[in-house]
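One chain, chain A, links the two complexes that follow: it is found with chain B in the first and with chain C in the second.
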Partner chain A sequence: MPDTWAPVARSAITVPGPRSVVDGWEVSTRRSSAALRLSDASPLAKVSVRADADGALADAFGVRFRSSRRRDGVLVIGSGPGEWLLVGGVGTAHQIAGQVCGLVAGDFVSVVDVTHGRALMRLTGSDASRALSKVCAVDLSDAVTPEGAAFRSSVAKVTTDVIRDDAGGGAGEPSYLLHCERSSGQYLFKCLLDAGKEFGIEPEGPGLDSTGAR
Partner chain B sequence: MIRIPCPHCSARNSAEFRHVGEAAARPDPSTVTPEQWRVYLYERSNPAGWITETWFHTMGCRRFITVERHTVTNEIRSVRPAGSSGPEPAEALSGRADAGSPDAGGQA
Partner chain C sequence: MTGAASRRLPAQAGELVDRSRPLAFRWDGRSYVGLEGDTIVSALLACGVDVFSRSFKYSRSRGVLSASFVDPGCTVQVDDEPNVRGAHRRLAAGMDVRPQNVWPSLRFDVKTANGLVGRFLTAGFYYKTFIKPQRLWPAYQQVLSRFASGGVTSRQNAHGYYDKRYVHVDVVVAGAGPAGLAAAVAAADTGAGVLLVEEEYELGGHLRFSGEESLSTLSELRAQVAARPSIEVMTDAVVTGRYDDNWVAVLQRNVGGAIERLVKVRAGVLVAAPGLIERPYVFAGNDLPGVMLSTAVRRLVNLYAVKPGERAVVLTANADGDAAVADLTRVGVNVVRVLDGRAGETIRRATGRGRLQAVELEDGTVLPTDLLVTATGWTAPTSLINMAGDRPVWNPTAARFVPSGDGLPPTVLATGGLVGDGSTDELIAHGRAAGTLAGDRAQGRAGGGVPDLACEPHPGMFRASTHGFVDFSEDVSSKDVVAAAKEGYDSSELVKRFTTATMGPSQGKLETINTIAVLSEATGRAIEDLGTTVWRPPYAPISLGALAGRIFEPTRVSPMQGWHEGHGGVPLLAGQWIRPDHYGDAAQEARNVRENVGIIDVTPLGKLELSGPDVPRLLNLVYVNKWSKLAVGSVRYGVMCAEDGVVMDDGVTGRLDEDRYLMSTTSSGAATVWEWLENWLQTAHSDWRVHVTPVTTAYASINVAGPKSRELMQRVVEGVELSTEAFGYMQVRQGRIAGVDDCVMWRIGFTGELSYEMHVPASYGLHVWEALLQAGEDLGIRAFGVEAQRILRLEKGHLIVAQDTDGLTRAHSAGLGGMVKLDKDDFAGKPELAWHERYGLATAPRLVALQPVDATAVPPEASQIISSNGDILGRVTSSRMSPTLGHGVCLAQVDPAVAAAGTVVTIRLPGGGDIRATVQEDLAFVDPEGVRLRA
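What follows is the complex of A and B.
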């Protein structure tokens, strides 16, 4: 037994393939080169922030409900009126929370690390919109849901935050981040694999390297 | 299927909402009679026509909204955040058509 003991976190989502422990997370190392890919992004840090919808924090973020923006490597998502979800690199939740607290003084703001309580996945590929629209009624056309758009709706009957984030997909293709309660994660993952079957979808692990980046 | 134009989220399938019921003004508890309080708690007008009611957008913004709906045709003529006064301008109703196929709300 090693002298030092470190906790190992596991995602709510099981992706087939060889496993290894990276940055304290036991993840699947499976990568896919399919045209449509669904990857488990749950190890990324997730911080939930609530504050006045039109207050100082909203101005500091420069993000309102239904939009998102990258700010110093952290994706700031306007997930509801007066509600934000911040997504950053693996293990950075406390750092992100500290930065948020530094942005405002005197306002009532709630900052909660929800990394281990939620599931996060990413659907990437030229057919991503077509696959997602099989289980989501919101119009995913570029006119209504352009790059950076965010909304919360029913995806396969699960309450899900959907963020159009082609930039984060890194492949120059349509890419969506999907965020839901941890207990619904595996179900949503399987529903999306099912919806993407006709487009040749393949699941893959988070693609972490030793720095936690994609 | 009823399509509700949420003032925060735009048009959505009613399956995303919880129907709270007819909106009634709460009487002042310091002056109300027991009879008036009973009416406030239990009696609903239940018309075949226009009704002002409250819905909660469970799967969206998680806010209460006030909706004017025709109970026969399900036509909706105004929506506004609950607690705000005037009806929402027609902008939210003008069919920005953010919702796609009405039946696409979930896995078949």
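What follows is the complex of A and C.
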């Protein structure tokens, strides 16, 4: 038996290419400069928060259902009525959870670390919405789904939180974060690659900073 | 074949073919060369081939009629693809094009014999002839299917690639002729997003083949479209339907690697601009190859530089017919006679064997010719506005149906030839006004008016003095329509159904008006009184592949799936989950659990994190047993029943902290139970302070089972005392496993062995799995799959909900009656279970264990248990050969009459034959006292 174990975390998504262990996660180091890119963002910390939809925590976040904003390096997503998803840097789930609990004392709030239970990927490029519109029926126009918009819908028949996050994508291009339950992550990743084939999509490994942005 | 003489003309203004790019292809087994930009049919015509198919019923030779998508005579097989529209599909290098619906060959077809007896094969022949005697129908069917048209596909070939796309746009313009182009540009100029859909490969409609002035107008319009990025252009695409709320179906062909794509559009406003379709003329011989519409001639000459004949007779009743005469003359065709329909001139018949050889005029003059061109009127394809609620009306002056203008919602507009006639400028002006209005309306503004576009007078020419085909796709003649009218089918809808006119692949675009006109003639009723049939979606044929799109069948895998695949795990699809059924020998895997230690990936087990002070109230509500006194660090088995008392799920729930619980459900019940809990919380008890978070895949779940499991656990677990005293059966602990924090482990035993179920943060699942295998190597550790687990649990007599229970099994019938606590205040299913306990037990089936008398026998699951007189007394719900005991073990639902221990029952095997089995004292075959479990 080893005296000390060296646990390695692995994403639900397998991205081809050379691999290395970064921050305790075995990830693909593949980078792409293709016009449309799909990157695995699963190592980011993900925290699910439940509280009164219109309560003190909602006010403290300043985020309601269907919208999102970055706050102190954490992307706060209003993923459902009275339900938030917080995305932050790798390994920060406990810290985020602690901060949330400190925001409002006394209210009934549940905070669950779902980092390992969910898959997260980012679709970036000028054709991102065209590719996404092949597997998702929601109107992705700026009028309906502007920067910061968040919705939960069927993407290739998988229940998925979709967040329009151009700011996090870098390079001023349209960018979407897609968040689904972990065991379907590889399937969703494959479906998005299939949908993006006509636009020359390429997969790439993580490579994200602590704000969830590239 | 008519020889190899090339019919390719010198370069034509606006031609689509690229003379620098020859394309070799095959037709009917022989090699040909066409040009890039050709359609299959234009390439063949240029090579001197003018017969492309045999007709549906009489097997008559057919050639070009309209030289467009709807051309009924140009349907061919391309490679493995049947029913290709040869006058539309672009030629590609290497295509293997074949005629379809011919036997043995295109030149000689045995079904031609039908033509000789055609007068006996009138409409209704099949209905009347093959209905009796009914017992002969299978034989009739065999023969008739040989006569059905439609090409062939190989079952060996892979499924084609089809997909879908969703579009939300302000304005959809259907049709890109002058009016459609102007409408798109004008709509874009109002700030609207526009989707411009065109059936042809390029924009322009009839401007493409109408002379140099039209081409110059077209290039201006195309430039305007190109300059507006808010217009998305789809060519080789067609709006096939308009449905409620302006959901518009667009079929896009050959795009993005897909054979066809269904584009599901939500449009603010739909502008229908489909133009006009030229109408054939009815006369004897009107289907002979060499008889063409004027627009066919103009397409062939101007778009594909193909000479359609050498010696032509033209019957023209409008300017387009006149223009065809000019085109023919310009390219050197000898136009031997022009007959002016406007002056009452017409023809009597066309004659020829297999192709046109002569035209006979009304005065009996016979003109030898190889090309007869007709320009006798138009059909407005009112399909889309029909679908939107308009009922077209007959305009006798223009001799065509036009939109009534009533019944359309404000979100559907029409423009161009569909509405009326005019110069190119007038059509553009109308399109522009319609586009502006569409853009305004789509953006919530009232918008202005749209000018009138009147119909020009046109002689009503439908049929000559002879009878000919009204429907070329279905081989329906004007005689058939007259006969149908005589039989009493005297409305347009009835005649359509009786004769099948308009029901073929052209779907009425060429046939409707002639059918109604002949019916009008036969009945003496005016066309305006008969009205037109209703056009329904789809406007153009759509493949099942396009309707299906990509086949999305989500699959789910655990973090250890890669390991399973790499170690011989045989996949089992359980719901959406892919799981290892076994790794080669399930019985050996099961024995190893009894003797040493095994691990199984149970990640699919449903897991819900429950938090809040009211969790015990929720648990008491949804489970039939009691939960108020569950201590921190304990787990309890619970059974959930629906309101009807039927068992819906089971599992264990552990109390991790004061207000934090982890509930497990069956693998298949995870989603149902989550919904069930949320339903109670959101509807009946919204005041309860409970949050439910699904964490099924937040944890990789591994069951460690076997007498050596504690020893194994001691090697990998830190921070948790594992002795029986410190961590007993039905206890839960949190700690570190193989260096991974935040793990939950509980002592339960589905397999009947000492076992620990560990839930580790999923990203570390593979790490922990491999650590266990490494740590337990000297203990004889071995992974086991779902099959071994099923054997083990059956030996232990543990039921599986939905396998050993069904949609009628109440708790008592699953051997769970003892868990039902009717002294609780309330819980889901209580009234029904209380009733059942009082009145139902005497007759309700019971779950029992059965051991076949013959030790080698294992009755298949679902085998019936029968009485001596053959009545069904129950069924086997689970059965396996027990590797531990060496005999068959079963669970069964049986009638109470045979449920007593020691009763010998008869099991009827599905394949015939009976075996006997003895009802056991206990459900468990192995360790009924639970000593191993609690070790």
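The criterion applied here is as follows: the second predicted complex is superposed on the first by the 202 of 214 C-alpha atoms of A that agree within 3 Å, B and C clash if a C-alpha of one lies under 4 Å from a C-alpha of the other, contacts with A are read in each partner's own complex, and residues count from 1 in each chain.
Operating definition for what follows: a contact is a pair of C-beta atoms (placed from the backbone, for glycine too) under 8 Å apart; a residue touches a chain by one contact, two chains touch by 3 or more.
These numbers come from a predicted model, not from an experiment.
Peer 1: Should A:Ala137 be classified as contacting the first partner (chain B), the second (chain C), both, or neither?
Peer 2: Once the two structures are laid over each other on A, A:Ala137 reaches both partners.
Peer 1: After the superposition on A, what does A:Phe108 contact: first (chain B), second (chain C), both or neither?
Peer 2: Second partner only, chain C.
Peer 1: Considering only touches as defined above, state whether A:Gly172 meets chain B (first), chain C (second), both or neither.
Peer 2: neither
Peer 1: Would you mind checking which one, chain B or chain C, touches more residues on chain A?
Peer 2: Of chain B and chain C, more residues of chain A lie in contact with C.
Peer 1: After the superposition on A, what does A:Arg152 contact: first (chain B), second (chain C), both or neither?
Peer 2: So A:Arg152 only meets chain B here.
Peer 1: Under the stated touch criterion, which partner chain does A:Trp25 make contact with: chain B (first), chain C (second), both, or neither?
Peer 2: second
Peer 1: Taking the superposition as given, does A:Ser184 touch the first partner, chain B, the second, chain C, both, or neither?
Peer 2: The second partner, chain C, only.
Peer 1: Chain A residues touched by both chain B and chain C?
Peer 2: Touching chain B and chain C on chain A: residues 133-140, 144, 156-157, 191, 194-195.
Peer 1: Tell me, which parts of chain A touch chain B in their complex?
Peer 2: Interface residues on the chain A side: 65-66, 80-81, 133-140, 144, 151-154, 156-157, 159, 191, 194-195.
Peer 1: Within their complex, state which residues of chain A touch chain C.
Peer 2: Touch list, chain A to chain C: 1, 4-12, 14, 25, 42-43, 48, 50, 108, 110, 112-118, 130, 133-141, 144, 156-158, 181-184, 186-188, 191, 194-195, 197-198.
Peer 1: Flag every residue of chain C that touches chain A in the complex, lowest number first.
Peer 2: Residue positions touching the partner: 163-168, 193, 255-257, 264, 266, 550, 552-559, 562, 576-577, 603-604, 609, 611-612, 689, 691, 693-699, 715-716, 738-740, 742, 761-768, 771, 775.
Peer 1: Can you name the residues of chain B that touch chain A in the complex?
Peer 2: 8-9, 12-13, 15-16, 58-63, 96-102, 104-107
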